[in-house]
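Take a look at the structure set out below.
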Amino acid sequence: MTRAEAFSEREVAMCTVAHLVENGRTYWAAGGGTPLYSVLLGQKLYAPDAQYITEDGVVAPEPLLPFEPMMTMVASRAVHHALLWGTMNSAGLHAQLGHMDYGVLNTLQVDQHGNINSTFLGEYGGSGRRFGGPGGADTIAACCWRTILITDQERRKFVKEVDFISSPGFLDGTPGARERAGLPRDTGPWRVVTPWAMYDYEDRRLRLMARVPWVTVDEILAECEWKPLIAPEVQVIEPPTEEELHLLRTELDVRGQTTDAAGSWITWDGEKYVRA
Amino acid sequence: MTRAEAFSEREVAMCTVAHLVENGRTYWAAGGGTPLYSVLLGQKLYAPDAQYITEDGVVAPEPLLPFEPMMTMVASRAVHHALLWGTMNSAGLHAQLGHMDYGVLNTLQVDQHGNINSTFLGEYGGSGRRFGGPGGADTIAACCWRTILITDQERRKFVKEVDFISSPGFLDGTPGARERAGLPRDTGPWRVVTPWAMYDYEDRRLRLMARVPWVTVDEILAECEWKPLIAPEVQVIEPPTEEELHLLRTELDVRGQTTDAAGSWITWDGEKYVRA
Amino acid sequence: MTAPAARRSLPILREGTSAYLKVDPDGFRAYVRDNKQRALTPRLMSAREAVERFVADGDYLAYECNYLMRGPNELVHEIIRQEKKQLWAAGKFTYVDVALLVDAGCVSRADCGFFLSSPPIDRALREGRLEVFEYSNVIMTTRLQAGAMGIPFLPVRSFGGTDGFDHSGAKLITDPYTGDPITIVPALNPDVAIIHVHQADVYGNARVFGTGISDVESALASRKVIISAEEIIETDDIRAKPGATSIPYYAVDAVVHSPHGSYPGTCPGYYGSDPEVVFEIFRAIMTDQVQAYLDKWVRPFATFAEMLNERVGAAKLEAMTAREVAKDGYSA
Amino acid sequence: MTAPAARRSLPILREGTSAYLKVDPDGFRAYVRDNKQRALTPRLMSAREAVERFVADGDYLAYECNYLMRGPNELVHEIIRQEKKQLWAAGKFTYVDVALLVDAGCVSRADCGFFLSSPPIDRALREGRLEVFEYSNVIMTTRLQAGAMGIPFLPVRSFGGTDGFDHSGAKLITDPYTGDPITIVPALNPDVAIIHVHQADVYGNARVFGTGISDVESALASRKVIISAEEIIETDDIRAKPGATSIPYYAVDAVVHSPHGSYPGTCPGYYGSDPEVVFEIFRAIMTDQVQAYLDKWVRPFATFAEMLNERVGAAKLEAMTAREVAKDGYSA
């Protein structure tokens, strides 16, 4: 594997998620974009027997890459050579049955208990701003065994309580809160990945567990409106490799729709990575 | 149409039901045998745009006749050139939605309110005799708009109260009894057809409305353990024609499995029909 | 009937408080009995006639897939052209569609699974021209599934604990079988569904190839159903492969022959999308220029075919077809 | 989360009083998580191995179709040969099967949709070797559908008012949406399902051609799933037509290559039945001679293939295939 010379922050997050992908596990990727590219990257480089499912009920496709612009679902290249073509209901039901190991999501806002907002910023019904709604994320966050969330490391995205729970985390954080709300037992948030950091949960509360080499823990905490717990030993995340970036740029996100969307660029200055 | 010289009692019942078949209506035929042959007879001779559905979710087939022995469902000749191949659940759900105009059933025992027993004769769980169970008849009797029942004219088959309600008629006969049990509104028993007679319902009670020419009302009532109401004018049922019998015998019930099963033969003595 | 009298009751633990389309399985059944054609009578007609006859102001509207992917776009254009009003849209797995229909003046209520947040939506909300009720994509298709089963509600294992739940018609009850809390969501029986398919016969027996969101559920759940089809095929072809039929004729009220009916989106296996026009609609919505889009692509034309002919042209349509190379599986 | 506290409760109006398989959606999920293979690992094995590994004494057994029509007859024979005990059979849309398995000593409980009433059943009931619980064919497949959806129950519009209801696990509750009474029935998640299909790959991706009762629902609802297939096909063939896949591999634990596996019944589109042997099993049951049937057709043989080879012969099997002339629609 070759050290990469330059990459975007969004690319860091996707490569970090790709490293989490395990053989023999199923991944339900929300919508298209970042979650789907991350899983495909992991599958193609590290976990060839990881399988993914989409909201339109496609089981384990072999997509004809690259995708058409904006067409990472339903379109023929995206669903190509799947093992089964289903529907949104079949995908939801297979998840309810427990067949989906991991859900992969991106989001607008996350809170200390892993609750997700993609509906409304501000007081609901008031003068705030409306967003797209949960889409498939609510079911993914409810029914997959473990949820991996991808977001940006920005103050306003890490809050004490989200303005609107679009998709469930650990709700109020008390033991059994999900079960009391009718959600399946033993499910819930597992990791949050940003371009700077990775988080897990301790007693259903968000905990910083790893950082990229070019950002300090204090810098990360400065970009959290609500401060997470901190693991006794904060690990260092492997930076992207040239192999990963090549695949991402030539086969997956070829038009840069996702990776160009946000964040700084990171470059290797001969001794270390620096953020532009 | 040509006067028939000789036919069996079971053939009379099937031809009588065939005359009830209407164009543009859907018929859910229970199992195979008598109900299915009756509907096919009506469709082929009188109502070419009547459609039927089977318990395995076959919509409007053009069966390759004759059927294989015992194979009036699921088998390839029976489901041939349907408009849609479904499942037992799809058939049930389409019926729940109100798409099935008529259900056609045969049964062991029927009572004054059209309730059907096909499970147990005697006190349930006691020393009586077990039968096959409702099969698909329960759903047909619950969800089709109108139910047509085919049975034999025997004392023990027409009772005050069936020993076990396998499939619902008007239950206790009070207004709204079906609705109070969760069944769809405005559905229920419509006709009972035997080789001797046809019944309808008045205020949810069985009523003799027609008889075949060679049997009197008194003879019919003698073969009812519980006496039905009697219509002010009991009509006379048209006997089978040669055309009907030809179709029945050469294309439908070719092995006589159904028509040979029970009942006397009726012959034309030159002046009238007589029962052997 | 000797079961003991009921001794128990099930507490309702929590209830959403928002409006939802009335749940009425028996009313739906009566509508089916009185209005749906169980006869095999042809129901092929123009988009204009289908929308005139089967889309009424105030209807709850379900559409399948979205403007960019196997959307019933000829029918969407016709709804806009006929200036239907006060529609309530099932905004599941949608993208530009809700904003388009809101800004066109057709939609004033939307159940939200997901739709593009955008200036036309924001303006309509601010001006009180739009009400939104909160669900998710799967909860919306679950509601359609309940509607397609003829039952009043379905239990689900998601949605509980969200704020969407509180702004919806969901309820949390005690499951009488396990004693655990379980969410139930109300059945959805739209007044009208518009569905674009690959093939249909003149009676409405329809085939969808590839994946979908809830084509079959929408067709069975809706009082009125308009199918638009790329190809009208013979009923004998339907009968030669009954396993390929997705939607039975008795659920369908109108069949519209609509080649390239998903333009500018893709109809998977048949043709790809027109990326620059896809981007044009996206940009029009995000820059609040929907009226200009409608004045260019919808309002000047009497029919969708006229638009395809005059504004797109045969060469481009052929190129879209040629570009669709992933064809395995898109046939009966 | 500001919804008002619950003020209402739903009375249970009536409850069936019979035993039913425990409803446990979370337990089912945990079983799936810990036992089902989401990896694409081959799971092809002999009928003997599949039944040894995946059918245990005391299991609730679902089988699809029946002995005479696309029945999983190689697997049924193997269950009899291995003398499995105390099985609880899902007796929906069945005919001779329950009587056969009861008299073979394998089944001691049965949920009844329909099965042939016959001397072996009567004797077993009299001698206390068999308990029967009352449903109907559709109610049984509805229960499987609930099990396949991962939910604890489903509402239905039938079954209410019958005596079967009182001898079942059904309940009549007040629908919170309409205020009307509605029947709910408990989900069924069998311990094991045996399903005969036309084609499958070595991972269990399976295709059923033609109609069925509840093949897909049984596969998804059951903890352990054994598929027997007329043909083992390449996964590349599965991928070339994903719309033809009925059952996904992750629901399947074992795949058995079982040509002519529905003998003496028909596998629609592939071969017709053997009418004289069909009549032989029917007669054996109605005359209480099941043991003689088993001694002739099951017990002398180590495998189903051996039985086909020695007792039926290639010529007869070929004739059954030739006799199956209604072939339209039985392919991907």
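In order of appearance the chains are A, B, C and D, and numbering begins at 1 in each one.
Here is the rule we go by: contacts are C-beta pairs under 8 Å (C-beta built on N, C-alpha and C of every residue); 3 or more make two chains touch, one makes a residue touch a chain.
All values reported here derive from a predicted model rather than from experimental measurement.
Visitor: How far is the middle of subunit B from the middle of subunit D, if each middle is the mean of its Cα atoms, in Å?
Guide: Each chain reduced to its C-alpha mean, subunit B and subunit D end up 29 Å apart.
Visitor: As a quick test, compute the distance in whole Å between the mean CA positions of subunit A and subunit B.
Guide: Taking the average C-alpha coordinate of subunit A and of subunit B, the gap between them is 60 Å.
Visitor: Rounded to the nearest whole Å, what is the centre-to-centre distance of subunit A and subunit D, using the mean of the C-alpha atoms as each centre?
Guide: Here the centre of subunit D sits 40 Å away from the centre of subunit A.
Visitor: Which subunit A residues sit where two or more other chains touch them?
Guide: Residue numbers touching two or more other chains: 58, 79, 81, 85, 96, 165, 184.
Visitor: Can you list the residues of subunit D that touch 2 or more other chains?
Guide: 1, 25-26, 150-151, 156-157, 161, 163, 180, 182, 210, 239-240, 242-243, 328-329
Visitor: Select the category (line, ring, star, complete, other) that matches the graph of chains linked by touching.
Guide: Topology of touching chains reads as other, fitting no named class.
Visitor: Sort out which chains touch which and give me every pair.
Guide: Those chain pairs which touch are A-C, A-D, B-C, B-D, C-D.
Visitor: Okay, in this complex, where on subunit B does subunit C touch?
Guide: My answer: residues 23-26, 49, 51, 58-62, 79, 81-85, 93-94, 96-99, 101, 145, 165, 184-186.
Visitor: For the complex, which residues does subunit A have touching subunit C?
Guide: Per the stated touch rule, the residues are 54-58, 64, 68-71, 73-77, 79-81, 85-89, 91-92, 96, 119, 124, 129-139, 141-143, 164-168, 171, 177-184.
Visitor: Help me check something: in the complex, which residues belonging to subunit C touch subunit B?
Guide: Of all residues in subunit C, those touching subunit B are 1, 25-26, 28-33, 36-41, 148-151, 205, 220, 235, 238-240, 242-243, 245, 248-251.
Visitor: Using the touch definition up top, name the residues of subunit D that touch subunit B in the complex.
Guide: 65, 68-70, 91-93, 112-117, 121-122, 125, 132, 134-139, 141-142, 145, 156-164, 167, 172, 180-183, 210-217, 266, 268-269, 272-273, 275, 278-279, 282, 324-330
Visitor: If we count contacts the way the header does, which residues on subunit C are in touch with subunit D in the complex?
Guide: 1-17, 23-26, 150-157, 161, 163, 165-166, 169, 171, 173, 175-178, 180, 182, 184, 186-187, 209-210, 239-244, 328-329
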